[in-house]
């Protein structure tokens, strides 16, 4: 059953490779992803036992990430059908295939309980993303791809070394040598501190560069800026969560070991630094796709801060992980539409989107408000929780900085987004084929609906899931 | 069956009304034709206030309280909603102005651009609902949620005509300001959570912690709520926002939304058991400052709605002063002062909620008639819009705080508070009286200017000459408000009856002086006799001159060919005073140089500028932007450098943990 | 009751006389015979006989101006005690009503002026409102001082509290206060050195220029209202300046009337010996008055 | 045996310097390949024989010593370049820095204790030094190919460390890591081809259009 999560998309990929016709090929995506979604739902409903050897296990954290990715991917694949209809000239065989491979890799990340396997799956996602970013086949996109590939590979390599350190620390501590998560967690306290420290730092830097924690985020603006909207959505909403999950596994070990506090401190600082970077780079940003990249940096920072705070903030952080990925989906898809409609992503050409593409414009606006933490949307809930638990722990400095950065980021983002959405459409505008149509507007609309609902009512199953996950991370439920 | 039982419960009716108000704009979104949606919305609005107002009055006068716990599963503790006197009192303006505005919109909006009508109809209802929710919320998170929704719907209303650049920039300033305020409030409620351990509001007077903490809370509240209530110097967003919104929206924004800020302040103050004296001093001084500065700047405006917006700053300043006196009185064990201050504040909340929307509505009709917001392009509208002109006159007199209208009654209470302090050992507080007198004087300048320049004299432009009276749907709410403000002026006890319960709830110990020091009859006598005397005199004189009236042109002092453009304009009317008030009011002049022997036509244009914004804030923001641009060099494209970042981070972290 | 009748009689009958006296004094200084004391009465009577000329650009507001102003002033006249005799109406805070009734009058006078669409009258209106909003605080400082002295917030007890012993106790303060009040009286009634009621150079005038277009009975209202206003503010002044009380009520009426006439003479003297100030200087003088009254408060507090 | 292993490790270090010091790409590719082969041989010296060990040895030698170099050499052929021009960090400075980092590596290693059976082995310093030399190449060189080499150097460093766990690690992990490495290099190769087609050079300093102004 769980292997289906991994194998089904691979089969789909093979299928897409066989389908000759651009138009029909696109339809494979929604079919596969819907099936994947169904399986995911079934698995979350009743969690199966661990595989022999315990390499494969779906715990609460995995369920969260898996669910988020599956939903996001389904929406994106629905969108892809509409989107690719506009890009028929460009061959999309590679795109479809790698999308599905990526889906299987992300699923593997979610369900693997062995760090080595986790690492392999993560590296696989990194590699499959490269052709997606390169979809547009122009100078800028190849540059973006190169930077993405190099930096992420370096990062992931560092992470591998971190894993080796971890394994070696078990040897030094005369324990059974393994990278199985439960064993590591149980023996965490006994691991040799020096090696453990080194391991944690290497893993943090490695996975952090994949997540895009500042200052390891440098590939993000380029990749997000040049990739097609739906790829951006998957990068910002899906892959970030995978890398985050890897980090969370490390976090579990760190908390179980004696010096969870130190690790949390490091996380707190990294998170705040990321938010600060985002705030600085957000100001006067004239390319709204790059702006979204920095927003993603910001939110990774927010989640990291939540992890650093621990306790009640963990629940909020995990909730924010979901909220962020869904909202990012809306942002990227809608701004992809706007990009198509204006054939530009610079604020000096793109104005009055609400007039030219009413739905996408409105969605972009709403998603902007959501992502900057305005009610009644979901991120407001999680951010408010994080702030209040920061103050609630008496950690006022963090709380104040957090609010300050949020405000600065809001200012920066508003001064970019509002001119794009509002105002009059410039007269001298090259005519483009794209106008808002059902297939490209409906998918982000679904996501927006979910974000809105989560903003006022968290379904009971999700709440339970979040509590269990937080409990896994050592937060009191 | 159960439902009907609940419908008998007035408190439940109020909640229903709130929900109804929120949904009032919904059908409009799905209807193809906007005006029908507006009609439905107006009907819904009227129904909601017909449901709400009687129940509110019943509860308020009957001393009833109620609290409900909504069922939600967000992790913020029980979501409590309660109606206590304070909430009920602040609900009154909402349910008074909201239906009035939406009735007004019926006539007002169709004439404007059709483009964003639906969204305006929708967000107008949402705004009212959100404000009401803010007022009834008893849970920090619910409060913040409704607060932000309120702010956002305000924004969307404000940018209804986002085609114009001015509107957009006003919108951005508004949004940023309200977000900063929201951040302060978030910090406030987070700290409350830290202190009490729950998101539910603490009971009144229950918050007894170290002085430093409560003072921080107070300052946070002042920053958050003060910026919403437009206290100087946090008012920067207010004038352009209120000037650029559609008129019925401006009415709601400035008539009610500012008061919600005041509500928040009062609510947070009510938590605290120990209130230092300096809170009162700070509030009083802030209030007087913004009252004086606000009205001075107002007197220099040439944009009719900007003028009104600045006068809102003045009135909110007066309210704040009242609250300040209340705290001073409490702190110094002087229940009389406390009572007068709070009574004046609450009374003025009602008054301002009546005459400011009245004036904004009139401004809307005037803008229709003259096609501009620029006072210097109006004139002579009284003959075209007789009813609007009359009601505007009532509003202007009322807002200047002159008898026989309601503005006088509340300012009277404040004066009595000040004068009472003249007898105390060190009569610092009494010094407020001359300042308030000054404010009154300048208010006369501002509103004589507004009324006289807009409505009287000769039309300065063709558009103004061809103005038309507003339809009855627009006149009805205006007339109602005018009548209310006269009522409040002649029979203050009517309004005091509404103020009393809230007052007792906020300051139980002022109960012993719960009667007005002025026998209220004198208000009626003075106002009534002035009106009657005037009427009698008028009839008498008309009798004298019957049949002996001649008419001719105004005497031009020997100037033969006068044109309407030689009249005193609004700017020239205010110029003399502005010249006295110095740096506070600057005017930007744009002059084309006149050159050559036969100079070509040159233009001169002038506009009062928002000194603080243009001289301080914007330059600072520019500097910050440049600084960020400098830092952004970090991301300068060389992948080698990026790898260096990774390496450096790795090394630094390793150093840190070892 | 009888007092009320006297009060009304004095208030209604006497004001124009002050104008007459002022005129006579000035004439005497100028070495002329001058118009008879009752000249203002004749003028008003004649004005009542005349018809009116209305400007085409005016509305009802133009006619409402003088009327409301006079009505407000008349009611204000019920709040001021004359000499040792209590005012017919007196309650806590009536002095605020007193001040605000004048403000109401000002509001209507100025709007009426703007109604004529004449740039001169607009100018006059602008000056009027500006100066009075500088004069207002002075009045209120004076009232604070009196409140502190008397401990009440109503004109009658406040003014009647000022007796010889009080003078002996706080003479300095009262003198400063009187100086301030005198300036206020002059400013509010547009006398020299603030404004010259006799000149006919519109550019320099304040009050006169506002009423250029009024005529007939309405103009009469204006003149009478102005006189009444002078009378009432003067009464404030005299009440403080003459703290004497002969036990006999009628004698008190006499004393008060003489006081008023004395004040009129004083104004006449000032008008004869002083020149009209440049407009720019006027605010400075008003601020000076403000400072005087502020000092009086300081002296009282100390 | 350990002495022999140590000598091989020292050889690895020397190879690092060779890569740092040369400008000729073909040469540095070959030296990295040699390092890969050494990596393959080392486990055989350190650990007792086992099939799984044999598998690892063979696969490492095949991939690192055979496949990858071939791939890169072909890329170089295609792009018609044989030397690195005007690097960000010159050769002498990079040698000096290399020496510095190597000493750093020894300090780093001194802080971390070894398991008794690995006492006296130079594995940790060698690994760290190789890693950092890899970083140095990545940071210092302009050509995309040299950066790939730098990445390979890093990987070699990591595998060097990995041989401490060679018998502890499950085959699957090692194999997966190798596979990923292979695919990664393969993708990079493709990208490099595209770069050389787009920009008619594989000079990454051309790749700086995406930046914040």
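Letters A, B, C and D mark the chains in the order given here, with residues in each chain numbered from 1 onward.
To be clear about the criterion, a contact is a pair of C-beta atoms (placed from the backbone, for glycine too) under 8 Å apart; a residue touches a chain by one contact, two chains touch by 3 or more.
Since the structure is predicted, the reported quantities are computational estimates derived from the model, not experimental observations.
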### Message
I want to compare two interfaces, A-B and A-D. Which one has more contacting C-beta pairs?
### Response
A-B
### Query
Most central chain by CA mean?
B
### Query
If every chain is reduced to the average of its C-alpha atoms, which one ends up farthest from chain B?
D
### Message
Using Cα averages as centroids, what's the distance between chain A and chain B in whole Å?
### Response
43
## Note on the structure
Distance in whole angstrom between the CA centres of chain A and chain C is 78
### Query
Between chain C and chain D, what's the gap in Å when you average each chain's C-alpha atoms?
100
#### Entry: Interchain centroid distance [CA atoms averaged], chain A/chain D, Å
31
### Message
If I count partner chains per residue in chain A, which residues reach a count of at least 2?
### Response
146-147, 150, 154, 194, 198, 221, 281
### Query
Do you know which chain D residues sit against two or more other chains?
111, 138, 147, 204, 207-210, 212
## Note on the structure
In chain C, the residues touching two or more other chains are none
### Query
For each chain, which other chains does it touch, given as pairs?
A-B, A-D, B-C, B-D
### chain D residues touching chain A - in the complex, by the definition given at the top
111-115, 127, 131, 138, 144, 147, 151, 154-155, 157-158, 161-162, 164-165, 168-170, 172-173, 176-177, 179-180, 183-184, 187-188, 191, 194-195, 198-199, 204, 207-210, 212
## Note on the structure
In the complex, the residues of chain B that touch chain D are 629, 632-641, 643-644, 647, 654, 658
### Partner chain B, residues of chain A touching it in the complex
146-147, 150-151, 154-155, 158, 194, 197-198, 200-202, 204-205, 209, 215-216, 218-219, 221, 262, 266, 280-281, 283-284, 315, 354, 369, 372, 374-376, 380-381, 384-385, 387-388, 390-392, 394, 396, 399-400, 403-404, 406-407, 410-411, 414-415, 418-419, 422-424, 456-458, 460, 463
### Query
In their complex, what parts of chain B are in touch with chain A?
72-76, 140-141, 144-145, 148-149, 152, 159, 162-163, 165, 168, 171-172, 175-176, 179-180, 183, 186-187, 189-191, 193-194, 197, 199, 624-625, 628-629, 631-632, 634-635, 639, 642-643, 645-646, 648-650, 653-654, 656-658
### Message
Quick check on the complex: what are the chain C residues that touch chain B?
### Response
48, 50-59, 61, 63-64, 67-68, 70-72, 74-75, 89, 91-94, 96-97, 99-101, 103-104, 106-107, 110-111, 113-123, 125-127, 129-130, 132-134, 136-141, 143-145, 147-148, 151, 153, 202, 212-213, 216-218, 221, 283, 290, 297, 301
